[in-house]
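Quick heads-up: structures coming right below.
Here chain A shows up in two complexes: once beside chain B, once beside chain C.
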Partner chain A sequence: MSNMLVKQDRLRIFGLLSPAYLWLTVAIFLPLSAMFYFSFLSEVPFGDAEWNFTTDNYRAFFETPTYAILLWKSIKLGLMVTLTSVLIGFPCAYVLAKTIQGRSREALFLLVILPFWSNSLVRIFSWAIVLRGNGVLDRTLNAILPFELDINLMFSTPAIVIGLVHSYLPYVILTAYLALQAIDDSLIDAARSMGAGKITILRRIILPLSLPGLLAGAVLIFVPVVGSFMEPRILGGRVGTYYGTVIEDQFVAVFNWPLGAALSFILLAVVLVILALASPILRKAQT
Partner chain B sequence: MKRTFTLTTAIAALFAASIANADEIRVLNWQGYGTDADWATDAFTEATGHTVVHEYFNSEQEMLTKLRTNPGAYDVVLINASFTPQAQAEGLITSIDTAMIENFDDVSANMAENDDLNAGGALHGVPWTWGLTSFAINTNTFDEAPTSIEVFWDPDYNGRVSIRDDALEAVQFAAIATGQDINNIEDLDAIQVKLAELMPQIKTYWGSENDWNQFMAADDLDVATIWSGSASRSMAAGLPVQFVVPEEGAIGWLDGLSIPTSSTKQEAAHQFIDWMIDPEFYTRWAEDGAPASANAAAAAALPEDAFNRQVLGDPEVVARVQFQRPVSDETREAYLTMWQALKAAQ
Partner chain C sequence: MAEVAVENVTKRFGTLKALDNVTIDFPDGGFFGLLGPSGSGKTTLLRTIAGFIFTDDGTIRIGSKSVEQIPVEKREIGMMFQNYALFPNMSVADNVGFGLRVRKVSLAEERRRVGEALELVQLGQHSNRKPHQLSGGQRQRVALARAIVTNPRVLLLDEPLSALDKSLRVDMQIELKRIQREIGITTIFVTHDQEEALTLSDKIGILRAGRMVQAGPPREVYNNPTDVFTASFLGEANILEGAVDGNSLRLTDGDAIPIPKGLKTGATFAVRPENISITTEEPTERDTPKIQARLKQRVFAGAMATCILDRNGSTFKVISRDRDLPQLPEGGPVWLSWEPEHTITIPN
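This part shows the complex of A and B:
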């Protein structure tokens, strides 16, 4: 009898999970395997093109220093964007979770999520309008300030960071907000009653307790930023060549899918290694 | 309306005999490059009964792959002359029966006899359009147009320069600046040095004509490489730019229309190509900004002050042009590696 129940439960679980697994197989596993297969080919295997299995595409990464240089540049960009997002996002999430109540919180939340609702390309192009010399920012500041200021951030690394931070900031705000809201206010009150200063409360109570959310947000930002290509290309100009843009070139401009696929998998591997190295910290934060 | 009428009657007269069987022909081309203009396909359909469907490619490699993978899917394909020999060697395109193309007699002899289009000893691509890759200047900054390509390296224009993000074009551009033959570059190191010196001058690379127009309209650039056809369109649109062919020379390219071997509608395909090189078609297209026509009669039908007549019609300019020849995959790869390394160093 109990066996029957277990069996039924299993069936039910299987039934409930199968759409998700089917989706994962079709939408993620199959395309990824196809790309993984491509990455070991000498040519794009369309039509009569002669091709064979090779590891040349992976070797190219190690033989040409260009790719490693760009990968390192992309990782630095990822760290820079993540750090900036955390520095801006955490105080914002704290205010939302602990200070503001009621309707104004909803309004602020709406403002935080708003960037998510617009197309990312549109966002980046609007930044281009704001940042360029003689653009919106330049004109506004010069209209207000008494002295002449020449602001032309367009086509520079700061422009890329600004564009990416704007795109990914909501992730860290949302995850940190959830973690902060879960902190019991009486803990803070107790600390205060025992004479802890603001800095101590932040360092000993709020930061450790909200760390899981903060780190989750950081990972959510870091991974896509390392592979980003559209923002650097549009906002970066001459300095906008990154690992992601080189991969994009392989697919779009020079039609070398195997090399593009190999470079993508190297990126995936490097990101996984970084996350694995960081996992002790992540696990510690969870407990 | 009246214009369409004369167009259609003209073609109708040409093809009256073949109206009997109507086919759907499939054309493979860059998007927005003449063949897919509504007025052009409509006029063709009205005259011949054949309908036209388009498919597009974003790079020559993609075009070749599409031809290889989809036999029978295309009837007319645009191939840059520097790729025609490769397509011919792979058996992707068939020879052209010039007797079926009435306007062919008007095609300039030097184009019709082009070695690359005549790959394999027979004509495999009908010369359609040609143009230059040179540069344009912002007329708000320059009082007088520069005569030398060295303006790109002029410190006065530091951070106000742009070239296209394309390895082959960048290398050939530097070849012209270093006085080399673009089709037979002997001193690649000199080119690397020259490009490395150019990099700090560059504000951004451009990718498409649309990018280019935006940067020029926003006054981001003073001098930037550009294709002659795009420059004529930008000028027609009112941008403050002027096309320059420097004394060092410019890169020339020639586009041909070919018929895939696997096409089952060869007759309709020939008719479409005939319409594409028709002066009636070209003069209408030139109003919107078109590259130079390979058809001498079409070029002569342009107004006196037309860009393609003034700039590209000048024999002195044409004498300075180096036409692109086929580039082997190895060379292409070498250029790409060099270009990526230069970009990564920024």
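This part shows the complex of A and C:
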């Protein structure tokens, strides 16, 4: 009897979960496997092209140092954007979670989420208008400041970082906000009653307790930024060649899908290795 | 250790007066309870003494020093919170040592004092555990150790026992009192549990709507409440309305009951439920106060029983040992009587 119940339960659980499994299969597993398959081909198997299985695409990564250099450049960009976002996002989240109450909090939340609502291309081109020489930023600063200042951030690494931080900042604000919200105010009161100042409370209580949220936000930013190509291309111009833009070129310009796919999987592997190395810290932060 | 004095303290939140001209002093080394219904301002008063809230008016002294302008970090108080507020990311020893580390005490000294504090609360063997690995009672002991380890001048407890279940609560009351006596620290605690306040305190202060209604030793406040609120909030009270007429008290419904000579005149009198006896026959002694009532309900609660009675529309409550109660007919007429000195006059 109990066995039958268990069987029924299992069936029901499977039935309830099947849409999710189906979705994962169709949306992630199938395209990913197709790409994985492509990455071992010599030619795109469309039309009447001749093709055979090869590992040349993977070998290319190791034979041409440019790819590794660009990957390292992308990882550095990822670290920089993540760090900047955390440095800006954490204080924002703290203010939202601990000092602002009621309706103004909702309004500020809306402003935080606003970048998500605008088209990313529009967003990036807006930044281009702001950052270029004789652009919005340049003219505004020169109108205020008494001395001449020539600001042309366009086509530079700072421009790329600004664009990416703007796009991904909400992630870290939202995850850090949730973590900070969960910290009981009485913990802060208790620390104060024992004589702790603001810095001590931040360092010994608030930061350790919100670290899981902060790290989750950092991962959410780091992973897509390492593979980003739109912001580097539009805001970076000539300096905007990154690992992501090279992959994009393989698919869009050079039409070498197998190489693009192989480079993508190498990126995936590297990101997974980085996350695996970071996971002991992540796990430690959770307890 | 120090005496704490609160003088004419007023605190407004918007238009609400959370504390309204409150004055009370807490002599050195005593154990004091602040009691009141929710919203009475008792927690506000505690947090004002702690320094989380600054007064709008009035002075607070700890020892000989005025502290109204000193924030909580510098007031040298120890505080225990209702939910204990242990730091979940730190071990028991680190929780207790937090205040010492803030004071830049040497590591050896920190270890020694943490050990002593944990020994005092009988938790020496658990110093490496995390708070989530402890039971409710143990967490409370950690919170207490953490509050006293820095040798604060005053110990403040916010509803210290309300999160514990009843049997544990009684144990912890005894324990709390023992520790307080052992280190002799001036201790002020907030509670809404009147029994807890009576058990623990050397002196209690009763608050209502931001005002200090009455303060004094528990027995005194219990036996001589100054108003109807205190009489019925601290313990229970059967209120009698009437006027003194010679040697008797003329109740508003016409009956007269004898009262001892020298009873202060007033309009309101009270009798505690545990002082009333119930009989089916009319008591014969001439100077025993007695009234007739109808038994509505008898509630059995183990050793004790509560009787709810009705007298011309007003409800009376009697508490006595169950075995002392005669077989009483429910709904039937009975006599309530008590010793003359158990009639309490309520001046206000």
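In this section, the second predicted complex is superposed on the first by the 287 of 287 C-alpha atoms of A that agree within 3 Å, B and C clash if a C-alpha of one lies under 4 Å from a C-alpha of the other, contacts with A are read in each partner's own complex, and residues count from 1 in each chain.
Here is the rule we go by: contacts are C-beta pairs under 8 Å (C-beta built on N, C-alpha and C of every residue); 3 or more make two chains touch, one makes a residue touch a chain.
What you see is a predicted model; the values in this text were computed from it and never measured.
Superposition of the two complexes onto chain A shows chain B and chain C fitting side by side, with no clash.
Touched residues of chain A, counted separately for chain B and chain C, are more numerous for B.
Shared-chain residue A:69: touches chain B; no touch with chain C. Shared-chain residue A:240: touches chain B; no touch with chain C. Angle at the C-alpha centre of chain A formed with the centres of chain B and chain C, after superposition on chain A: 160°, rounded to the nearest 10. In the superposed model, A:44 lies in contact with chain B only, and not with chain C.
In the superposed model, A:166 makes contact with neither chain B nor chain C. Contacts of A:197 after superposition: chain C is touched, whereas chain B is not reached. In the superposition on chain A, A:187 makes contact with chain C only, not with chain B. Of the two partner chains, chain C is the only one that A:209 touches; chain B does not reach it. In the superposed model, A:255 lies in contact with chain B only, and not with chain C.
Between chain B and chain C the least C-alpha distance in the superposed model amounts to 45 Å. Put simply, chain A uses no single residue to touch chain B in one complex and chain C in the other. The touching residues of chain A, when paired with chain B in their complex, are 44, 46-49, 64-66, 69-70, 73, 132-134, 154-155, 233, 236-241, 246, 249, 252-255.
Chain C makes touch with chain A in their complex at residues 50, 52, 71-74, 76-79, 81-83, 85-90, 98-99, 102-103, 130, 146-147, 150, 156. Considering their complex, residues 58-59, 61-62, 65, 67-69, 90, 165-167, 199, 202-205, 207, 218-220, 336-337, 340-341, 343-346 of chain B touch chain A. Interface residues of chain A facing chain C in the complex, by the touch rule stated above, are 184, 186-187, 189-197, 200, 204-205, 208-209, 287.
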